[in-house]
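You will see chain A twice below: alongside chain B first, and alongside chain C after that.
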Partner chain A sequence: MSRVVHYLNQFFAGLGGENAASTPPGVKPGPVGPGRKLQELLGTDHEIVATVYCGDDLAAASPEAMAAVLELVMQARPDIVLAGPASTSGRYGVACARVAAGAARAGIAAVASMHPENPGLDDAGAAVVIASGASVREMGASLERLAAAARKRLAGEAVTEADGRIGKVPRKNVLVDRNAASRAVDLLLARLQGKDAPAEVPIPHFDHVTPAPPVPDPAKATIALVTESGLVPVGNPGRLESARATRWLRYPIEGKATAAAGEYASVHGGYSTVWANQDPNRLLPLDVARELEREGAIGVLHGEYLVTTGNGTTVPNARRFGVEWAAELRRAGITAAILTAT
Partner chain B sequence: MLCNLVSIAERVGAVRIVATRGIPYPTGDPSLPPAEERAWRRALVERALKAIATAVTGPTQF
Partner chain C sequence: MRSEGSAPGTGSVLRLLSHRVTAVALGPTTRYDEGTLSVSAAAACAALASDAIADFRVSWVSPGDSARIVKVLDVVEPRTKGRGGAGIFPGFLGLPAVEGTGETHVLRGVAVIAAGFLPRAQEAVIDMSGPGAALTPFGATHNLVVEFTPAEGASWESVDIAVRLGVLKVAALLAEAALGAPPDDVVTLPAIPHLRASGLPRVGAITNLQTQGTFKDIFVHGKSFGRAAPTLIDPNQLHDGAVVSGQFGHPALKNPTYVHQNHPVVAELRRRDGKDLEFAGLILAPEPVEAEQKERVSKQAAELCAAANFEGVVITKEGGGNADADISLKMDALTEFGIGSVGLFAEMAGAEGTAPSLVVPPERSTALISTGNYDEVVRLPAVARAYGGATVDVAGAPATAEMDLPTAVLYCSLSPLGAGRLTCREAA
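Here is the complex of A and B:
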């Protein structure tokens, strides 16, 4: 019988939604929430002995909280640590990846589950990451892949792309008959013939962003405020989505000295908006930007702000928003933008 | 870019980054009294202005 420790966020551990995102690390005996289905899929040879949880805000942002999570995981003496599925939830994905990476560093088998676009993917270190669906609607299939990978990992078998493995895969030395030069020529010839021959090593994809040149003097520049925090006028007149946004909106701030409570509110579904709605300047720093404009440190503050919701947003959509924002700001003669991100 | 998860900002290629104190309030800190919170917000935006006036070659934290 192998001992399994499962990591979940506050939501899946049954402690609450975004209002509980600051829940400190804790542990419950046995499987909890999606862990129950996972236990079923793992079968009777493997037992989820403990479920460790932590609120997403803490787990993603506080190294101390992550250390406490790992301590709770280790206290349960796991043979394997499973984390997630985290789907496209950014903070949860970061937490799952770091839990799995921490276990792997300690020499414990670990498998995390998240969507290939989850920003946590690169934090998984030497741990195995298995692709999950994009949302909880695909929880069943995601748990099946996670359980299958866990069983293989415990049996000492290699977990590969065919099992849904994503992210970095440690390299393995093998002996082959032909040297690298002749294999490279073969690959080149195959590609010249239009064949889709894969490289032997996955080519890392770096999202290189060319830095814009500096603004010589902000006191003479027109500067825009932009945000992915989901902050909109109360009532959400433009119907901005709370998750998986497909568009962005713009709202006038000309003549406004502050982003007043009761006038603006966030519709973002990926973090607790309580603090932001108490004082929307916590998302859009309009009060101090206006003050700096009045004092001359900012030339002119652009007359409107641009907003979308960065919550499970697909990479192609996010990229499109960026291109459209840049074009829009350039058209309006803006030389710099301050982006606040949650 | 003002955000809390700096490592992710760096990874996706954000080039001028100012670290903030919490995910749900990039330009605030509800643990402070109102006047101090406003001063903190102002300091963040001043840091952002310094960032946009500085030449960088890749992801840089200010």
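Here is the complex of A and C:
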């Protein structure tokens, strides 16, 4: 008998709609709401031992609430965690994806269910996501697919597109019999013969970022300096990574006329930092920004700069830094930012 | 010797005499006897001596040892062409000449490894046992680890030069011990003839060398290849150390001197030459920093492939994301010439393997081979001893501790030259 933990939002847990969107994380024994039908579909070999729930607002916006949800999930000692179906509900989808991703990170099988257009899809990490219908009216079919995928996952079978799998399928390192050089020659000879031999890496498709329109009146603007150059105070007090950054830092520049040599240094591992360290203004153009501020060409320079290292940084992390920087700068009332890249 | 067994139209041949090493020791003299290599630490340190270095230390680590080497710089296979090197590592030990003919003695199963701090060098780890050992070619070799303490006041640039030259000298010195011994294996390698008519597809290689300034540079005949144009060379020159690495970034995506000496793509094309392909030649290309230079070099390399009648090319890189462009631009430039190509890429797919794998994919080709995901985390067990440094800073741990490291930190684990057996597959 395998132990199943089911995650639902406040609505499906029977606690209310939007008015209850701030319901704190909680747990009920056994299946609840759509969980009852799910239990039926899972059959007698699998038991929903607990239903963990949380209000949508809290689950999507508060990392502490999500940590508490995962804590409750783990306390129920699951063999598998199922989340949703979340259909097209954005916050619920994000919550389902993060619960499933958290369980997968802890080494527990996890399947989330949501519509392919749910914005939560990108947050599911290494967890399996199964397509649900767009609305509650398709709940029955959505639960059937979720239950079927859960049974396969528990049996150690691959869950594929044919099972309704959507989103990213995690890629894992494996050792094969032959080295990459000989596999490369095989692939080349096959392609030269016009055979459609399979490649080993999927071609990624990247977003295109539309540049923002020019700042209409720079003399009235509050400007922030942000950079991926790895420039930090000497000694790297915040321990910024030299490559594969997972975070960003902020340092005050209030009252500073220049980024002085000996006061700042770059920890970036992707380029020679010798010249930059001789004059850190080459990375963080504080000296000229102050000049422009004095001249009145720009309004005010923001009192701190934001920094990360752009060297082998994954796209999801880079995207997250962008979202966090944008939120941070908006909160601080910044009109525009100058991003120096290396 | 240089005229022996000439291939048509070339007139040169290289004989590789391999001596297998099955046991190693430190001892009073440096000698090789029936598979046992004994090294005099005093003689090795004398060969290493330099004004830039206060102190060198040498130690052996062997496969299966509970040992870890950290801050790994370069790795060199012991080779010599005679007493005093006799031309091995041209431009460093020998004159900057075109070698790749005559006889070359090789000690198999042994490597000389430089380990210690240099600026710009990213943390690089080799484990001699456990899961890490299976992911690097140097988990399976007996390794003479060379550690060093810089002299007071010496510049890091001079330390880098001294360590590189010293390690090459020690590699030649070790191989010299086997000069009088009967080889275990002799391979005769004729130079690659450029005009043949076998009817088999003519397949060559483009090897991109990461040439991005001091501590991230590659040397050909002793000179930085940074300002060079793509160059067609006799692959036999690699056996004599024409390419020497001084590149210490992206440890998993690094091609140490050892891997150039045993170039996996060249080895594979050699092995299949006359069977299902015709080995058409080897082109070395720099990996410049600037985007427009990457484009220029890529178009020039493609022109050279066309001039040498390549029908297909295996393209390799060194280094991280920006070096993806050095492969992709060449693949696209070759497509323009109607020449097929395959690129070897490592994937930067995030710890969970769900991020986009490449930084710059080709626009007109999909023939990509994966050497594994850079970001996947590997747990390394605690070890009894460590060399090269006291800590692994990226893990915030003592060098001997149990630690979780991204594959990116495991030396040569995603070998861009194709030495490894790692790839990526979609998980169930």
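Going forward, the second predicted complex is superposed on the first by the 180 of 342 C-alpha atoms of A that agree within 3 Å, B and C clash if a C-alpha of one lies under 4 Å from a C-alpha of the other, contacts with A are read in each partner's own complex, and residues count from 1 in each chain.
Here, a residue touches a chain if its C-beta (ideal position, glycine included) is under 8 Å from a C-beta of that chain, and two chains touch if they have at least 3 such contacts.
This one's a predicted model, so the numbers in the text were calculated from it and none came from an experiment.
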First (chain B), second (chain C), both or neither touched by A:272: both
Touched partner set for A:342, first chain B, second chain C, both or neither: first
Contacts of A:41 with chain B and chain C, given as first, second, both or neither: neither
Touched partner set for A:201, first chain B, second chain C, both or neither: second
Touched partner set for A:148, first chain B, second chain C, both or neither: neither
Partner chain in contact with A:184 - chain B first, chain C second, else both or neither: second
Chain B versus chain C as contact partner of A:312, first or second or both or neither: second
Partner chain(s) touched by A:234 [first = chain B, second = chain C, both, neither]: neither
First (chain B), second (chain C), both or neither touched by A:192: second
Residues of chain A that lie at the interface with chain B and also at the interface with chain C: 206, 271-273
In the complex, chain A residues that touch chain C: 101, 104-105, 125-126, 156-159, 168-185, 187-189, 191-192, 199-206, 241-244, 269-273, 311-312, 314-317
Touching residues (chain side chain B, partner chain A) in the complex: 1-5, 7-9, 11-16, 22-28, 30, 38, 41-42, 44-46, 48-49, 52-58
Chain A-facing residues of chain C, complex: 120, 122, 134, 201, 203, 212-216, 249-250, 264-265, 267-269, 272, 276-277, 289, 311-314, 320-322, 340-342, 344-345, 347-358, 361-362, 366-376, 394, 406-408, 415, 417-428
Touching residues (chain side chain A, partner chain B) in the complex: 18, 21, 57, 60-61, 90-91, 94, 119, 122-123, 206-209, 211-218, 221, 223, 229, 271-276, 278-279, 281-285, 287-289, 291-292, 297-298, 336, 338-342
